[in-house]
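Chain nomenclature is as follows: A, B, C and D, assigned in order of appearance, with residue numbering initiated at 1 for each chain independently.
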Amino acid sequence: MPDVAVLGASGYAGALAAALLWRHPSFELAALTSRSDAGRRLDALYPHHRVPLTMEELDLARHAEVDAAIVAYPHHAAAPVVAALRARDVRVVDLSADFRLRDQATYEQWYGPHEAPEMIADAVYGLPELGYRDAIAEADVVANPGCFPTAALLGLAPLARAGLIGDLVIDAKTGVSGAGRAATDRTHFVSVDENVSPYGIAGHRHAPEIDQELELLGAPVTCTFVPHLVPLDQGELISAYVRPSRAVSQQELDELFAEAYDDEPFVELTTVAPGVRDVRETNFCRISVHHDARSDRVLVFSAIDNLWKGTSSQAVQNLNLMFGLPEQEGIL
Amino acid sequence: MPDVAVLGASGYAGALAAALLWRHPSFELAALTSRSDAGRRLDALYPHHRVPLTMEELDLARHAEVDAAIVAYPHHAAAPVVAALRARDVRVVDLSADFRLRDQATYEQWYGPHEAPEMIADAVYGLPELGYRDAIAEADVVANPGCFPTAALLGLAPLARAGLIGDLVIDAKTGVSGAGRAATDRTHFVSVDENVSPYGIAGHRHAPEIDQELELLGAPVTCTFVPHLVPLDQGELISAYVRPSRAVSQQELDELFAEAYDDEPFVELTTVAPGVRDVRETNFCRISVHHDARSDRVLVFSAIDNLWKGTSSQAVQNLNLMFGLPEQEGIL
Amino acid sequence: MPDVAVLGASGYAGALAAALLWRHPSFELAALTSRSDAGRRLDALYPHHRVPLTMEELDLARHAEVDAAIVAYPHHAAAPVVAALRARDVRVVDLSADFRLRDQATYEQWYGPHEAPEMIADAVYGLPELGYRDAIAEADVVANPGCFPTAALLGLAPLARAGLIGDLVIDAKTGVSGAGRAATDRTHFVSVDENVSPYGIAGHRHAPEIDQELELLGAPVTCTFVPHLVPLDQGELISAYVRPSRAVSQQELDELFAEAYDDEPFVELTTVAPGVRDVRETNFCRISVHHDARSDRVLVFSAIDNLWKGTSSQAVQNLNLMFGLPEQEGIL
Amino acid sequence: MPDVAVLGASGYAGALAAALLWRHPSFELAALTSRSDAGRRLDALYPHHRVPLTMEELDLARHAEVDAAIVAYPHHAAAPVVAALRARDVRVVDLSADFRLRDQATYEQWYGPHEAPEMIADAVYGLPELGYRDAIAEADVVANPGCFPTAALLGLAPLARAGLIGDLVIDAKTGVSGAGRAATDRTHFVSVDENVSPYGIAGHRHAPEIDQELELLGAPVTCTFVPHLVPLDQGELISAYVRPSRAVSQQELDELFAEAYDDEPFVELTTVAPGVRDVRETNFCRISVHHDARSDRVLVFSAIDNLWKGTSSQAVQNLNLMFGLPEQEGIL
């Protein structure tokens, strides 16, 4: 049974990845690391995950003695650790943004200097449903997608492939767990409760990631992307507004999406627009597509749990593929 | 002191209008009516409003013995009552949609047969900041705007007047009070909590109202408009995505908005995007405008309390104007 | 593999029971019935449960062709159906209150006339951790406990057995799902949001159920019990205030609880007081006990998910016992 | 018009006090101070309060040139500032705990060394409805009560005076604003949302404050007091469970409470148990009292807004009394 370490287990994403692996029938959760909470048991921090392991300071000599690692570090911090793990032949799913953007210059424009640029080329974008399934199976480094790109790209891929995206606005709504575990003015209960507000208006780092993948699918577009914080803990809804590049009917849309996703185990198509409750604590992405005849726009609504399909269960889905396991194992 | 009756006081909108008038220094709250709750005191239904009056069955012989009425009826039901009040010379602020759309055919397409079409022409659209202030002062029937149009139009008017709206997507988020007091599957706490979902996708009735007023401002456009339900009680945020019809700078945007609103007592301009908490239980509309250079789009965020500026305090603002009172009286 | 039907699958409790059985490795979910929603698929009503079966009108000729049934009917309605199922030799877990109270007179005082009094004697109270495990294994009718009694009794049993309960106040807090799926003024989002309020002050039906079981454990007491509605969907916290009948130390309390629960798979003891998030969507009951030296009182905090351990997963736990399966199967 | 300064205006309590004074017809808000946010305008921090004044570093030479001050400092930090203000003849309402406990030893047991013990004797407990109205009018230092004691004492005073409190359990529920503006793990949205949990189990500092005042009312008792955090921003409910020291009827209870409160402008008696929504953003305390015949206990439910009557609007109520103004001015 492959051994897996979770590096950075004290954040929301790392902790959930640890919990999923702890219950996974075909992986052995070998180690947890944390800078801030070394010495504490994970179930002291997150009782509901019920993982009775103790987090340790990272010690590559020991923690790289595994078959794979999920790295749940902030961007910049992740790249050197991923490089160190690769030097010891550990296969990695990296939850950070460090290897998502294929173009170093684009990365550096949004995130600053890249700490391991030589590794960018080898990383595979970890969204199996976008056509990366086989590449993930072979990959040594999987760049787990951002939560917004996951939902947006799953919702838009059929349109992109069909050359239908003429113009694109993405309005996203996310729960607070997306902002991470850090206690700040912005994550204080009183700031969020009874509130809804946009953020990242000057430019959110997930926008170039969405553009990159849409272009690879055949839709060169510069999206307008604005996320909003809503008063809930987990869940993310993408509302995408597409001006179609040619006339399109509801029937054609339905067929495009059915063709794209009828065999996908984690994508659900629905005629009623999805709500984030429908996918809470699951690896599902639930999508509806509508032609608004009045304004001739295609509307796509795509809901995920930002911590699950948006982050940690998608990481396990990728690990499953990397180790030749059934894709749904441990996350259904 | 003018006497005012509130007809339909048991719903959220009527009850708040009653509460505002009850404390208003220059109006006398003369009567409350309700079909569903006749005989009950308003403070039994809404303790926090602290209005100790009893609601009665509507009896025009008595209830039209007032100077003005706020009619808080559903559409269709409102029109005949407004007509009856007018026949007795009562000035009316109508909270329903019955007199908002100037074109009878458009009304009937969205709402079904109009019950008092002969009165459409005389009604004045009750959004003072849109240029209707003087007309409202003279009006006998004021059609109080919908909550979404209120926020959207205040956010978009400066762009519309400047001929800047080339294409328009409006993504709205609203609290549950917007759905009214009726207990339904959709308003059940468990349906809303930890959820966010779009609704009215096939076409929301506020879209033609927005289009009508934008066209009158000089921007003939068919907007794409989708509201979303978010887990909060009161508050509404409009996120408007405008493809400008010509090149525009942030500075020009700032100047346009400052010019439009610097003298408006109830519009607040802000550089930080607004949240709905900022305007909770106020008659303020709080707006920010941003040029997204990356995708060349103008972003407008506009926040109101859907029950206050979106409905009942705006009705009182209109009443103030109709009776020559200071516009802010009783609602600041 | 035993066939199980869920009768009354359209309510929260029945639907969750169906979802748990649908994924259970050792039960076959054979049928779902519903009066209000016959003909609809359960996943249309509850997408997140992902049970693609259609609910039918109850037809005993067909629906009693099973090995067991979970009956999720309101009290009064449940008893005759349970009787009919028993007449056809179906083993039953009844989620209603109809067979929880052993004394018919007490039942009738709180609930009105009993519809199948002859069956009361045979029903077994379905709280395995209270000493009923063996009786449940043999039972044909298991009366699944109320949600408040489940949490309260698990928290109080060690004190009751030790003769320590001199006087008892139970202050309970519950999420809205406890009030069921019916859309009412009380379950309207706007009524619950930003609110907390007591209910059932004149006497809640779970009080005599708690008293009954405490007396059987050796603690004849009339508890003061008041539940409160808090703004969350699932979760229940019991705060129990016990005047000890004799001097007691923290150490003795810790030992009593450890002895009672160290071998229980679904009871967690903790020194930090539990929150309901810790047990969300689990069959766990999480308990802390504290001696308040200042006022010489024993404080017990006991948290469950009212729909899981408080209702449906406990029903499956009971079914597991009835059919000789591992107690944790399908609910861990 | 008296000048008032608010010292420590950047916390929730100070900011609300500033907002109330800013709109108060008979006080002049003269200055705001803050250590953490000096140089910022209050409306940048709290847009919804709409107070356009800039906070400054405390400079007694200037900031003591006022008639009165509201001191919104943490305990320990408050006492020396209060002393310094008194040395300059400024009358003070102190929001901290520093002058609430009359017995220095008790204070030091719960809070540590007192920084200005010589001033304890002169401070008046600022709960007008408890019989302190006249003393407050004459006072130079008013110790504004804790939020829990405010609600608890208003609910219990009629019973205490009548000698009816034989034994007392107080279970409190509070919104998150009670924990203050500091961003911590405990105030993080994700920690609070969908949760309810007790805290301060080892002993909460408001317990001796409640005991002190009950004893002065004639009820020497050591209460059991446990607060719980519930997922809402503002609001506090006290559920008090009293074993009456002698037989008592509902009618006697009703009469006791009516007698105590019929003339109180800010206490509302109700037969339906109160919810915290009923008093949100008001200075009201809403109380119901019930005799539970089954267990012979008196139940009292008392709801306030912890930031208003529990803190800042009560401070203004006290200021009104100190300066001979109508008690309700500016807070109704």
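Rule of thumb we're sticking to: a residue touches a chain if its C-beta (ideal position, glycine included) is under 8 Å from a C-beta of that chain, and two chains touch if they have at least 3 such contacts.
The model shown is predicted, which means the values in this text are computed figures rather than measured ones.
Visitor: C-D versus B-C: which has more C-beta pairs touching?
Guide: Top pair by contacting C-beta pairs is C-D.
Visitor: Of all the other chains, whose mean CA position lies farthest from chain B?
Guide: C
Visitor: How big is the gap, in whole Å, between where the Cα atoms of chain B centre and where those of chain D centre?
Guide: Here the centre of chain D sits 37 Å away from the centre of chain B.
Visitor: Please tell me the distance, in whole Å, between the geometric centres of chain C and chain D computed from their C-alpha atoms.
Guide: The separation of the two C-alpha centroids amounts to 39 Å.
Visitor: Roughly how far is chain B from chain C, centre to centre by C-alpha average, rounded to an integer in Å?
Guide: Roughly 46 Å separates the two chain centres.
Visitor: Which positions in chain A are in touch with at least two other chains?
Guide: Those would be 191, 193-194, 231-233, 274, 277, 280.
Visitor: Which of the residues in chain C come into contact with chain B in the complex?
Guide: Residue list for chain C touching chain B: 12, 176-177, 181, 183-185, 187-194, 231-233.
Visitor: So in the complex, the part of chain B that touches chain D is made up of which residues?
Guide: Contacts found on chain B: 47-48, 193-194, 270, 274, 277-282, 286.
Visitor: In their complex, what parts of chain A are in touch with chain B?
Guide: Residues in contact with chain B: 167, 169, 171, 173, 175, 191, 193-199, 201-203, 207, 222-224, 226, 228, 230-235, 237, 239, 241, 243, 273-277, 280, 290, 292, 294-295, 297, 299, 301, 303.
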